[in-house]
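Two complexes are shown next, each including chain A; its partner changes from chain B in the first to chain C in the second.
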Partner chain A sequence: MFPSTQRTYETNIRLPLSFILFGVVAFVASEAILLFSGTSLVQGAFRIPAVWGAIHLAVLGWALMVAMGAMYQLVPVVFLTPIWNETLGFVQFFITTLGVLALSISFLLEMKFVFFAGLLLTLGFVLFFLQMVMTLKNQPIKNMMTLFVSTALFCLLLTVFLGMALSFHFFSGSEIADHLLMLKTHLLFGLTGWFTLLIIGFSYKMVPMFSLAHGFSMTLARYVYTIYVGGLAITFFSFLTNHSTLFTGGMGLLFLGFSLFSYHITTILRKRVKKKLDRPFLFALFAIAIALCLHAIAFLFAVVGNTASFGVMIYGYLFGWIILSIIGYLYKIVPFLWWTHRYSKKIGKENVPTLKQMINEKWIVFSFGLFLVSLIGVILALVISNLPLFYIAQSGMIAFSLLLAGTIISVLWK
Partner chain B sequence: MELKEIVMEQLRTVYDPELGINVVDLGLIYDLRVNDGIVSIVMTLTTPGCPLHDSIVGGVKRALTHLKGIKDVDVQITWNPPWTPARMSEGALKQLGFL
Partner chain C sequence: MILDNRGLEPPQPMMRTLAALETLPKGETLTIINDRRPMFLYEQLDELGYLYETKESEDGSFEITITKG
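Moving on, here comes the complex of A and B:
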């Protein structure tokens, strides 16, 4: 009468938790390093080793490690297939952690070592890529989410190889190809290719799951994918040809693709049963609104030919979209992981807390406010080159990172 | 009260920890049979690949195994027909702010 299945896809929680806890510590460290780089940052000098060290610690040590940890937990949920090899996951965690630490320290102390640290890191990423490809290969029925996540993984691989080539320039003193072209492509594929496509892909599972939305159409996702990936390709070609009209076209397509994604998410949310959404999830949704604004601004800047402001734009995109999305979903994922570890075997036998009770929502709301005020403060300080404002706002960001670490760790005591 | 009714009542103690609503009011129980102390349940979850799959299925088994007259509990998960909000009780819909 009812076709049944007994397949489960749970991952050993130590694997995602290892990545997440390392990421939280890396976030605090990166914010502290950025504070000490204030003098250079407010003068618009983003391309200095200390800033690179802090940014790579924030992007790789925090955002990417947390994203990888979350993927170890979410891929089985979203794609209904278990992680290919969990032992490889722990090996990959160990190698990637060493690589991130070595790379950040090399940026701060000796640029020539960046290449060797990059080699270690590349090994970690290649293992992660292999793990995910093998896992996705086993997915019984491929869907749009598979396409988003597979393309994101491909972009990650391109970003890593471009990063390796850039570090080789520092190591050898000679250029394989135009350094600026490679740097711009590294940023494009890393931020919009890897992170954005990944978050969009997972949002198509997380948004309906956390809002209990049913009966929505997924047709728009095809157009979102085609237009956004088209925008990525055209922007890349504009870098290759140094063609400003092509660049404007690429930015326009990225904006259009993201606008369509934002609209699609609102149509999904209209079909939700859960009317009062959890705060952390609302923050992840708020991040979509921020990214939409940033895509619009980037397009307008491209139209008027203002490329000088792209450094600040990239900072805003990284923190306001990528990091805020990750924080929002992290506040949902960590309580779930710890709840599963502590209470999964007690459900049905005794009263157990709900996932919402695992985390202090008041602190989350406060920390979100602190994050937003600090982010706006930092961006403003960078735009008007105001050092005192930068120090105040960046101190707020450090306080936020400590609050985040405290909130995450407090879950482990529940 | 019949054993089947007792079993259904006991299932109301098993909560989806994400939503804070029990599996009966969520409409997750598709079929429940009790024959010679053996309980057979066909149920679903709100979404395929639900990360709480094992927790909820295990919870259903644990909630019933200690009941008097129950020898064994068999729980089968199905995705066909898929769960829809129409299966939820009025109380559950109210709890989520839908009504």
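Moving on, here comes the complex of A and C:
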């Protein structure tokens, strides 16, 4: 692992890079599959195998794989502790990749096999969970970020086990517990639990880092955590008791918690030294604004009792908040990773490119525009049930995913 | 002037370095010792027009000598 004299905790670049490369390719594949599910999607039919296949490929193969790769890179930097076992990391990568591929194929071909693919995937996630827990345990000084990330990891584990149970229902034809209850909880803990708490936790480090902010207070983070996690708990109880007032309360707390987080981020940004912020980083900040709006809309929908629109909301949340944040930080992480791998030994000896030269910012801005326009197009198409618009907008998404994959992979040629 | 940034949480090393550079007279050098190669610092130094040289030490840390142009 790490000799006692070594103070640097840099992860072997192949580990995060493997996750990221698989992720961008999975993204292209998932967007293509979604295109073919157009007729079902515009009719509001989300709960069909082909759509599950595409969504799980997007969520697990793209978003989650990239998140895991980023964590292998960033956890040592943010938490000042090395990855517990890199070999385990590679093993986990292979198991998870196989699991994701098996799961996606099963959704598309034979629902019963989803259960077995799910078992493999669960093993992969349990290994990841173990890796991160053992890594975070060794963190010298624990802080609010440790709390956010640990809670996020716990939510991931719950989400995965619920997913397993759901797939068991399809395999066995019998229910362990109420299917709808488990499905709603699966979505809640996966999207608002795992992904959101993870992004919030890491944002508290990424935002000061990329804006060079210092001298700000972290006190608000405690309230963000308490209120947001409280909202998660209340929402879960509303599912358990089928209580719509509790659900509204839960959505309200989540909105309040996220509003506080958004406000806290603006206070951090006010203390920044770097005046002009990088475009990719601006995307990640924009994603926070989108999430804030979505939390508000979710609360409003709950108040008026509109639960039918939650399908489209969830789609918007996944792409406009989670995936957009990931893309923003990915455009910063990949050049950094590759530069360190290719040029870090060369600096001072030859003409080495700067970080900025590793990736074309003009393409990034164009791709961001393409993503946003396509996303709005898809959401509109789903809301008004317009198939031609869906095909056009989704084609835009596919083009974006190809551009993203191309841009990320092109870094490896620099 | 020598600045030891080892053991500090990001972005402390970069913040300290930039602050020290601000008060440094023109033509003078600042040497910093970091746990990791300061990738984002290089970007800022390029933007500010400062010259720098990086040396990897035996214990895995990095020594960067910055000259205020």
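The definition used in the following text is that the second predicted complex is superposed on the first by the 406 of 414 C-alpha atoms of A that agree within 3 Å, B and C clash if a C-alpha of one lies under 4 Å from a C-alpha of the other, contacts with A are read in each partner's own complex, and residues count from 1 in each chain.
As a working rule, a contact is a pair of C-beta atoms (placed from the backbone, for glycine too) under 8 Å apart; a residue touches a chain by one contact, two chains touch by 3 or more.
Note that the structure is predicted; figures quoted are calculated from it, not measured.
*Asks:* Do chain B and chain C fit side by side on chain A after the overlay, or clash?
*Replies:* Chain B and chain C clash in the superposed model.
*Asks:* Touching A:His341, do we find chain B (first), chain C (second), both, or neither?
*Replies:* Neither partner.
*Asks:* Once the shared chain is lined up, is A:His243 touching chain B (first), chain C (second), both, or neither of them?
*Replies:* neither
*Asks:* After lining up the shared chain so the two structures overlap, which partner does A:His214 touch, if you call chain B first and chain C second: first, second, both or neither?
*Replies:* both
*Asks:* Once the structures are superposed on A, label A:Gln73 by its partner contacts, choosing first (chain B), second (chain C), both or neither.
*Replies:* first
*Asks:* Determine, under the contact definition given at the top, whether A:Pro353 touches first (chain B), second (chain C), both, or neither.
*Replies:* first
*Asks:* Kindly classify A:Val273 by the partners it touches after superposition: chain B alone (first), chain C alone (second), both, or neither?
*Replies:* Both partners.
*Asks:* With both structures placed on chain A, which of the two partners, chain B or chain C, ends up touching more residues of chain A?
*Replies:* The larger set of chain A residues in touch belongs to B.
*Asks:* Using the superposition on A, tell me which residues of chain A are in contact with chain B and, in the other complex, with chain C.
*Replies:* Touching chain B in the first complex and chain C in the second, residues 5-6, 8-10, 77-78, 80, 205, 208-210, 212, 214, 273-274, 336, 339-340, 344-345, 347-348, 354-356 of chain A appear in both lists.
*Asks:* Going by the contact rule at the top, pick out the chain B residues touching chain A in the complex.
*Replies:* Touch list, chain B to chain A: 13-15, 17-20, 30-31, 42, 46-56, 58-64, 76-80, 83-85, 88, 93, 96-98.
*Asks:* Inside the complex, what are the residues of chain A that reach chain C?
*Replies:* Against chain C, the touching part of chain A is residues 5-10, 77-78, 80, 205, 208-210, 212-214, 273-274, 336, 339-340, 344-345, 347-348, 354-356.
*Asks:* Touching residues of chain C toward chain A in the complex: what are they?
*Replies:* Answer in residue numbers: 6-7, 9-12, 14-15, 18, 35-37, 39-40, 42-44, 46, 53-56, 59-61.
*Asks:* Show me the residue ranges of chain A that touch chain B in the complex, using the header's touch definition.
*Replies:* 1-6, 8-10, 73, 76-80, 205, 208-210, 212, 214-215, 273-276, 336, 339-340, 343-345, 347-349, 352-356
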